[in-house]
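In order of appearance the chains are A, B and C, and numbering begins at 1 in each one.
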Amino acid sequence: MFRWFHKLASTKNFYRLAEIMTPLLAVACALLIGVGLYQGLFVAPTDYEQGESYRIIYVHVPSAWMSMFIYMVMAFCSLLFLVWKMKLADIVAEVSAPLGASFTFLALVTGSLWGKPMWGTWWEWDARLTSELILLFIYIGYMALRSSIENKSSAARAAAILALVGVVNIPIIHYSVEWWNTLHQPASITKLGKPSIHISMLIPLLLMALGFTLFYFVTMLLKTRNVILEREVNSAWVRERIKEDRL
Amino acid sequence: MTDVLLQAQNLSVSRGELTVFERKSFTINTGMLFQLQGDNGSGKTTLLRAICTLIPLDEGELRWRGELLPAAREQYFAEMCFAGHADGLKGDLTAVENLTSTLTEHTPTVIECIAALEKTGFTGRDDLPCRVLSAGQRRRVVLARVLLSQATLWVLDEPLTALDASGRELVGKLIEEQVGSGGSVVYSTHQPLDVSGFPLQTLALSD
Amino acid sequence: MGAAFLTLLKRDLTLAMRRRSDWLNPLVFFVIVVSLFPLGIGPDGSLLSEIAPGVIWVAALLATLLALDGLFRDDFDDGSIEQLLLSPQPLPVLVLAKILTHWLISGLPLVLLSPLLALLLQLKLQALPTLLGSLVLGTLSLSLIGAIGAALTVGLRRGGVLLPLLVLPLFIPVLIFGSSSVAAAATGFPVSAQLSLLGGLFFLALALAPWAAAAALRISAES
């Protein structure tokens, strides 16, 4: 097990694996999102309270999930990097940050768009939207710190510490914002993503969530490959590939 | 009897794409003087800071009395003293206040500090804050701090900077005493130091 | 270990006494920011007393932030950070001494000054004990959490601009529980929940922040 792990951790092996995996995942991702969108937009029934506008959840909810999931991936990779000095983990954390920030931004925009027909305002200080907004700030802080430290190896470790500090804080922030929200508004507004969702609405949602996850992995692998090439441009195997025009 | 203090094996440090130095190996024993030579920008300071574990190594390992660094950091720091480029003196404190606030194992008393300052030929007024002292005087305060640390290993980055002829002579004398009493000194310089009678090792760094 | 802690504490407090502007400026900033609100909103007493908890807390948070940049900056500039890093004492303990100094010269005066500002904003008198208590616990946590950000950015030329971006999101739970405790006290509701949550945050920060800040400081000193 450990050996396998160690082998994967070598950037060269990972590059090869990513090369094989990317097209497979990309096809699966396109299928899932295609079917999910069709099911969500055309097959799933109209909500009797919100009408058609609820259908934005098929983008909003998976984006919100991804924004959290990607941060967890980043934090886990940061731990791997700090403790076991796995360079690959650092690359994954680095390329994941902008992806996570994009999903967070998407969740915010779709949440705001959804808010207009639901609440009549473009922005409601709803607990989840507020949490997403703070998460976006945390992503931006991570990327800003990373880009402003010139020495790459220092930047990687400083960013990893920040990611871990963030992962301790995110549940606390989430909880405190929820608490703040219930304090200031009695439960008159139904939250996004109701717990009792009909199965015909749930299936497309899960398809979309899986599709988004695969989309993240595809883009992450593509970007990771780029960074590996960039960082190891002087190594023998990269030179060989460049010579053979096989990147 | 000589003990092995610091062993460096294949040290490599790079900054970004730029390699500062590669595969430097050396051993520092007790009673030994170790001199780093090289022009400006040859990586002397970086190597000294790497020895202090202030800069992470790309490759290679450092051992203090056989124990791997930086894991054995605390034992190491208890027995070493570093005087770097920046003098680490607080401009708003007087010389004695600066010395009594060092964070070594044993906090020096005022009397010990004054004695050390006298030994290093400090002639500045001790009621003045360090920021009004001349560079040479500040350097002598730093030397007093090194003396007070009672460390086995001194790591000195350009100890002769800003010192006049008498100051340079003094540094030579202090180093002689330290090495003579079983300690060792690592220092970087671009001018030769007048110390004799001890095994001197030189590591030359070049671009 | 305790001796080194005290030595460093004493040194930094002496330095702070000799450079009063370091800690006086954030205090003046605190007062000015709070007095801007009535000017911006209007002198309506009931509105002011309603927003007073939030305003005082946000101002306290910003004032803490203002003082944070200097936490390790001077040590970094004069090279004494190297002596700190090469001390045989555990670095988190030394970092904790620096954080405590930061609180003593920025957080504590803020707490002591807050009744005056509560007066300016016509906060109800019954909320005063809670204001003091929550500010003590809260500003301690802010100093601890902020130290991580200060340690991460101290090596950067423009670190002062980045620091708020890193630490303000992390300050949010303290702000929420702190200001809501004062608001609850002003309207006569119990405040034990908020204060114990603030206490919990403080202990969590105390347990983790010195280690994170120490690790960050070593990385910042590499340049």
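Basically, contacts are C-beta pairs under 8 Å (C-beta built on N, C-alpha and C of every residue); 3 or more make two chains touch, one makes a residue touch a chain.
It should be emphasised that the depicted structure is a prediction, and the values quoted were computed from it without experimental measurement.
With chains as nodes and touching pairs as edges, the resulting graph is complete, every pair of chains being joined. Central chain by Cα centroid: C, whose mean Cα position is closest to the mean of all protein Cα atoms. More contacting C-beta pairs link the chains of B-C than the other of the two pairs A-B and B-C. Centre-to-centre, using mean CA coordinates, chain A is 32 Å away from chain C. In terms of their C-alpha centroids, the spacing between chain A and chain B amounts to 49 Å.
In terms of their C-alpha centroids, the spacing between chain B and chain C amounts to 37 Å.
Counting only residues that touch two or more partner chains, chain A has 150-151.
In chain C, the residues that reach two or more other chains under the touch definition are 222. Among the residues of chain B, those in touch with two or more other chains are 56.
Those residues of chain A whose C-beta lies close enough to touch chain B in the complex are 150-153. By the touch rule above, chain C contacts chain B in their complex via residues 3-4, 7-8, 10-11, 14-15, 18-19, 74, 77-90, 94, 221-222.
Contact residues on chain B toward chain A in their complex (touch as defined above): 15-16, 56. Taken together, the chain C residues at the contact with chain A in this complex read 148, 152-153, 155-156, 158-159, 162, 165-166, 168-170, 172-173, 176-177, 180, 197, 201, 204, 208, 212, 215-216, 219-220, 222-223.
Of all residues in chain B, those touching chain C in their complex are 52, 54-56, 74-75, 77-78, 80-82, 84-93, 97, 100-105, 107, 129.
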